[in-house]
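Next come two complexes built around subunit A: one with subunit B, the other with subunit C.
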Partner chain A sequence: MRVTLEELCKYFGPVKAVDGLSLDIQDKEFVALLGPSGCGKTTTLLTIAGFYKPTSGAVLFDGKRVDHLAPRERNIGMVFQSYALYPHMSAFDNIAFPLKLKGVARRLRERKVKEVAALLRIGEILSRKPSELSGGQQQRVALARALVKEPGLLLLDEPLSNLDAKLRITMRAELKRLQKDLGITTIFVTHDQVEAMTMADRIALLNEGRLQQVGTPVELYRYPANTFVAGFIGTPPMNFLPGRLVSAEDKLTVVTEHFTLPIPARRLRQPFPGEKEIEVIFGIRPEDIVLGQGAIQGEVYVVEPMGKDALITLRLGEETLKALVSLDLHLHVGEKVNLNFPPDKVHLFEPGTGASLLGGRRES
Partner chain B sequence: MVFLGPSTVLIVFFYFVPVILTFLIAFTGMDRTLRWEFVGIRNFARLFGIGARDPLVPKVLINTLVYTAGALPVTIIGGLLISILSMRMHPRAGVFFRALFFVPRALPPVVWGFLWAWSFEGTRYGLFNAIRTALGLPVIHWLIKYPMVIVILANGFLGISLAMLVFSSAIATIPRDYVRAAEIDGATEWQVVKYVIIPLLKWPILTMTAWHLMSFLNSYVYIMLITGGGPYYATEVWSLYAYHAAFNRYRYGYGASLITLLVVVNLLLLLGVLRAFGVKRMLARGKIET
Partner chain C sequence: MRRYVERTLIYLMMALISAPFLSMYIGFFLRAFGEGSLLGIVPQRWGFSNFQFLWKPIAWGLGRTTMWAALGNTVLFAVTSGVVVTVICMLAGYALSRIEFPGRNFYLTLQLMLHAVPGQILLIAIFFLLLYVGLLHRLPGVALARASLEIPLGIWIAKGFFDGIPWDVERSAMVDGCTRFQVWYMIFLPLVRPGIAAVFIWGFLFAWHDFIYVYTLLPGTIKVMSTLIQSLLATEVIDYGYLAALSLIYALPPLVLFVFLQRALLKVPVFGGKGLG
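And then the complex of A and B:
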């Protein structure tokens, strides 16, 4: 099922929970709605489900408006953050509930529940009540209940957030595989960028009710549209430094208090004509900083070994930067170190709007 | 212990002492002369129809059962209806309806009783007969034709006021996701109520059923105020009969024996309820499953 959001707005009194969200989700696509708490992602999901009426704008399924349809008329499966398993029903009855409401005959009901239970490997626990199930089992039952009626659209509201860290990694891969196997269009709400990056075909990143960027995980990582996206995607987050972009003799240079760096002109989104300079925010990801070479001098302030890599906090005068480098470099606190920012990995943003000044998808 | 002391003394004096006195009086033939004349089990023999039997006892017993069997479903079903409807509508409208149905409990019993007595007054001065008269219809002698229905409703509405309050607060604690999940699963409003809300109210419903079962078995105040037990014993329930025996006919001994039997029935019911609910579980914590 194809899902289209057209200029979707949902206001609660003066609060603009969702503000002008347009998004086109293809059939069989796995899309993550990502953002910090209060960004409007759950409101968006509940509006798609039909629990909220949009203040303005529209939700379309396969090109048809569904705003007048009740949740039960939308052929949606949903997994809630709390799982919302009915506590008075066994796992079997929970899963069979949507079929029972549809009036599916008992025998067919049993067969379908067994099928979906086998798919999710919960055949053994069907007679238990939700309170007798582990978090992971509860999640599978909730997923089975959402899938058993073969919905056109699957909505997942933070489905992994109640699982422990280890199980979360397992379920991430399983959910992704399941979604591809079943080919159900899936919208997935999360505040965890790692979940979104690892699972989704595309990510829609929201902040304060507005869409910041939509694209594949790699696009959001490599070409963040603004400082919010740049700071939200990637761990540890991107380093930002204030600076100026200077154009002289057809050459572009970023000038900060501690270094100057040439920028290839072809990377600019818009040509930068004549002699002038503007304020910019310089950005570089920790993993893109090269240590041990280059003209810029810094001092090692903290070393945090993380196994293969080490997270180094560097001081450039008053500024601090985080760099993710190989542990083999054997850096020590207080050591002076040379560093380099590869010009193709550098990001530049406009200070006022936060918008990226550098081009989108062109590979350099 | 020290702080519980004073109220313990009060409970002993004003609860246990009267119970023991009643129990003792039940074995006397005490009348308006207030003499302690022990007559053994003569009162109870009369009650159970051994020897000189009381011909009214079977009727009073049936009245009590009919009355309880009528008022209990009115209370529980009415309470569920009001609470579910008021919790599913706009919050302000819900508060208004709950406040409206709480009025009976806020009124003094005498006011509530006379409100019903006046509404169903058999002359054209009663509320419903005034309406009928205005429409050109003949008056109906409500309290003579339908006395039991009227006392059942009067007490049922009183029961609704409490049950509705308990059910509403229980519904308020049901996580919203349960209802949403059911709606996504394809449930209509009625199916949400039937398959999700009512099963989750199991404990409040059981509590209110037990509470009102005992309450109705023992109640007589509103019946006394509305019909006085009449016409001709049509609404004379057990505790009202005991009251009449003791304070109208001054047969304290016999009245006490009627009450003693009721206390025994209450104790048995209480034990049954405690066993069914599990005393420990009931005292332990809130019983709304989440």
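And then the complex of A and C:
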């Protein structure tokens, strides 16, 4: 099922929970709605499901408006963060419930429940009540209940956040595989960028009700459209430093208090005419900083070993930067190091709007 | 040793506080099962002769009735009231808990205010209302009027139970294909069984205890337990043992009902869920 959001707005009184969201989700696509709490991602999901009426704008399924349809008429399956199983029914009855409401005959109902239970490997626990199931099992039952009616669209509201860390990693892979095997269009709401990066075909990143950027995980990581995206995607987050972009004799240079760095002109989104300079925010990811070479001088402030890598906090005068480097470098606190920012890896943003000044090349 | 003294003091205090009630209840039981009392207080021997109304008709004033007829009327009256209160409060409680509509908060406040008004001031209005709809002097009609008095607070009790069910459960049911009514009937009602018991007891108990409504709105020929006891008091010769035995029978059914439903009342389901995202 193709899902289209057209200038979708949902206001609660003066609060603009979702503000002008346009998004096109292809058939069989796995899209993550990502953002911090209160960014409007759950509101968007509940509007797609039909629990909220949009203040303005439209939701379209396969090109047809569905605003007038009740949730039960939209042919969707949904899994909630709390799983929301019916406590008074066994796992079997929970899964069979949507079929029972559809009036599917008992024999067929049993067969379908068994099938989906086998798919999710919960055949053994069908007679148990939700209170007798572990969190992981409850989640599988909730997923089975959403899948059993073969919905055209699967909506997942933070389904992994109540699982322990280890199980979450297992379920991440399983869910991704399952989605591809079944080919159900899926919208996945999460605040965890790792979940979104690892599972989704495309990510729609929201903040304060507005869409910040939509694209593949790699696009969002490599070509963030603004400082919000740059700071949200990637762990540890991107370093930001104030600076100026200077154009002189067709050469572009970033000038900050502590270093100057040439920028290839081809990377600019818009040509930078004549001789002038503007204020910019300079950004570099911790993992892109090269230590041990280059002309910039810094001092090691903190070393946090993380197994293979170490997270180094560096001081450049008053500014601090995080760098993710190999543990083999054996850096010590107080040590002076040379560092380098590869010009292809740096990011530049406009201070006012936060918009990226560098072009977002498409991945091929 | 100090603990022992403290304990004793606590029990002593508790005994002192409960002494007036306990002595009344003990006197009540002694009277009911005592026969041929001396000076109206000290029973001569034990027996069941005070319970003769169980098999003999009761004489009061000029008429005669049996205890069983009065008890039957009381059960019919209280059960009707309990059922009416339960059905209406369960529907209204769900709506007020889950559906947004203009005037919802006003309505909720109004219900509380209505409950604060003493029901007796409505007696005359109810009298005429029942007269016009042809339900005056009829047990089901008066039960309906009696039920209406307990509905305001009953709605609040029911709403409290519905409020405890996470929104996600309701949304799940709606995605799964439930209409509003199906959500209420198939998901919510089974989950608020303790609430149903609580609201039913609410409606039942107040009707069971009621005197002023049945006394005013029913003809003297239709007796419930409370009016029967009153009419016995009004006769000239009062046999207190007889009255105590009758009152004991009157007090028994609510007690039994409570013991039966107590387990349901204590069995409150436990949920975990995220609220509005």
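Just so we're on the same page, the second predicted complex is superposed on the first by the 361 of 364 C-alpha atoms of A that agree within 3 Å, B and C clash if a C-alpha of one lies under 4 Å from a C-alpha of the other, contacts with A are read in each partner's own complex, and residues count from 1 in each chain.
To be clear about the criterion, contacts are C-beta pairs under 8 Å (C-beta built on N, C-alpha and C of every residue); 3 or more make two chains touch, one makes a residue touch a chain.
Bear in mind that the values here come from a model prediction, so they are computed numbers and not experimental data.
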item: Fit or clash - subunit C, subunit B, common subunit A; value: clash
item: Which superposed partner A:K102 touches (first subunit B, second subunit C, both, neither); value: both
item: Touched subunit A residues, subunit B compared with subunit C; value: C
item: Partner chain(s) touched by A:T42 [first = subunit B, second = subunit C, both, neither]; value: second
item: Which superposed partner A:A70 touches (first subunit B, second subunit C, both, neither); value: both
item: First (subunit B), second (subunit C), both or neither touched by A:A84; value: both
item: Interface residues of subunit A shared between complexes with subunit B and subunit C; value: 49, 51, 70-72, 76-78, 80-82, 84, 86-88, 97-98, 101-102, 145-146, 149
item: Residues on subunit A engaged by subunit C in the complex (per definition of touch); value: 41-43, 45-46, 49, 51, 70-72, 76-78, 80-88, 97-98, 101-102, 131, 145-146, 149, 157-158, 189
item: Sites on subunit A touched by subunit B in the complex; value: 49, 51, 70-72, 76-78, 80-82, 84, 86-88, 97-98, 101-102, 145-146, 149
item: Subunit A-touching residues of subunit B, taken from the complex the two chains share; value: 175, 177-178, 180-188, 191, 195-196, 199-200, 202, 289-290
item: Residues of subunit C touching subunit A in the complex; value: 166, 168-169, 171-179, 182, 187, 190-191, 269-274, 277
